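Submitted below is the structure of interest, expressed as structure tokens.
Chain lettering (A, B and C) follows the sequence in which the chains are written, and residue indices restart at 1 in each chain.
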């Protein structure tokens, strides 16, 4: 089965500083893949590279077999890759509804529209005309997710959904994920909470110092393996379990 | 008392014109953080283009006095196109974190335009003929006299300001402007084409600039070296009012006009100086301006 | 075991220093060997270039290194000129000494001004400084005792021969030029200079490293205004006649911007190269008036868009030239074999 989104020895730089040192990654249609790793491991950089916010070489990222590395963010979202950015990054000058409408700027057709987002997150309908900054952290996260959904993506990238949120709110957010993925949406989530990541995903990648230190089926990875990969041992990265 | 009222009113009317000078500056800075140091010179380019066109029309169709008026929408469309292309081909190339390139380029444009106008039109002050509009006046109860043209200009300033504000708040284009202004990276992530949006913004700004130029040319005489002065008035209006709000720019312009008018009453030589001083004092005391946009 | 050395000079800088010393010596002796008929003109022209260069160097320090783009440095240029004149005409101070004193006064003046100017950032700071310059201009234009709008003349030279005046002015100009270049160079090589470049690259990061950002920026602003005042005092020492419109004209800054941008911003050699090019262009084309200025403006635009680092910057990138090395490079040197 060919992968929907793949990276091949992906490298990324911030100026002269290298942040990613050859990352191989793939996600298939309908999968939920989680990425874990300590702060500074390169997870967010990876997300940025996938969406064109950080430049990469053309062949290093392929989408349905086509090389898309180095394309502008506006071109990538048109192809169907949407990002829920780390820290939400809503537009402060826009209200809730306007923020959601911005998500549709790419002009992709599909099932997701304002109505559907409001039925997924009813509280947003209530607060639709309020400035986005007046919402609570959890509600802002809903807006950020809704905004990404409005572009009718084929792959939804979520960078640290639970950042700065209370556990009960995190639960609420993740409860929405099955509803989002019910129609075959593919998702890649970056998650600080390792057990949460294991719980919601089919497969899992662990990043460490800009490289993949572990990857495999979430259910088959042991705590010991994950700890070793998370904190970094001078071993060769291990792949456990088969990737069907 | 009469004198005070007259001064305030005349100052407010002057402020109306300053608002039109300033709206384009405010728009370009608001959307793309570009300080257009050639603002004043572009306004004059608008004035002189109108002067040239009218002179040409006089030769082609001397009987028709309404033709210039009918052609003014055309001038605005040309202005939009000019601004659009300028942004697309020149200014987009110098936008970025570093303010220097855009400052040097706009400053360079300022020098080129000033000298071009000087070569073509010479340094003599000129004006746009308006069949007496610039001298017509209204008598208000209480012995106050107002010029018809200044009142018209203030009216235009208010409608333009509210039009701009409405566009920003209620159209997709305005939404796009606010988004790229808030967070360019994320706006691009949503699929917005920032380069094109910037070009639209500058196109609109140039329509405002041209309108201001034509009105200035009707109201008074213009000469190629006036540019910097107009820029400073526009700039002061924006800062006094507070960045991020078109109504703020109008308020700032009115205040500047009134301040200058008060200064003129004391001594004609000190009017503009007084405006500058009040501006600097306000900067010292309240740098965010009178009505800054509050961002949560 | 290798040891690492921090090196600052490069292949071009040592011979360049020798050449520079030679040039200065030759220049200083012009009053002695230059032919009678051109001596006066050469000296006057040299003084003029020196003023342009000092002003441009200081603008470069402020904008290229300090990250503060100002369109209002002419405020200090004119202020320096007027204070020099006032000290000489009204207080009887030796005009040559007045030049130096007025530079100090200008530096002092810049401190309260900075309180207002620093309220703004980026492009708005630039226009704000222009407003301040206009206030200076209008203020002096309304002061009757210095001639108001028509300006006034430097009278303190009555009784000194023309030759004597021109020679001393010339040497003073040469000294100021060398002093300014040396001042900027030493400043940039120092710890403060390194701090300045860190601030220029990333203000927030610099602050987090403990660099006193505001203090450093103020220091640069004051130094730049000192230089501008020096240039102004010197210019009007030579010119003898000052008017507010000329002294506070934005053209001074326009020319400085041109010189720095053409030569290369943020490099010490930049303004020097730019001043040379500017002088050559002036010699050949200034008769064309408006067309010349349009050409200058267009050239500045083209270079800013397509040759961001200016001509010297382009050379530095391509061939690593640096006559005034301020970059610190890590050099490995191998200790003697055991």
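Keep this in mind: contacts are C-beta pairs under 8 Å (C-beta built on N, C-alpha and C of every residue); 3 or more make two chains touch, one makes a residue touch a chain.
Given the structure is predicted, the values throughout are model-derived calculations rather than measurements.
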Winner on C-beta contact pairs when A-B is weighed against B-C: B-C
Centre-most chain, if every chain is reduced to its averaged C-alpha atoms: B
Rounded Å distance, chain A centre to chain C centre (Cα mean): 52
Rounded Å distance, chain A centre to chain B centre (Cα mean): 45
Cα-centroid distance, chain B relative to chain C, in whole angstrom: 34
Overlap residues in chain B, where contacts from two or more other chains coincide: none
Residues on chain C engaged by chain B in the complex (per definition of touch): 63, 69, 71, 115-116, 119-120, 122-124, 126-128, 130-132, 134-135, 138-139, 141-142, 250, 254, 257, 261, 265, 290-291, 293-294, 296-298, 300-301, 304-305, 308
Interfacial residue positions of chain B with respect to chain C in the complex: 29, 33-35, 37, 90, 93-94, 99-105, 107-112, 115-116, 118-119, 228, 231-232, 235-236, 239, 269-270, 272-273, 276-277, 279-280, 283-284, 287
Complex interface listing, chain B residues touching chain A: 172, 175-176, 178-179, 181-183, 185-193, 293, 295-296
Complex interface listing, chain A residues touching chain B: 51, 53, 72-74, 77-78, 83, 85, 89, 91-94, 98, 101-103, 105-107, 131, 133-134, 147, 151
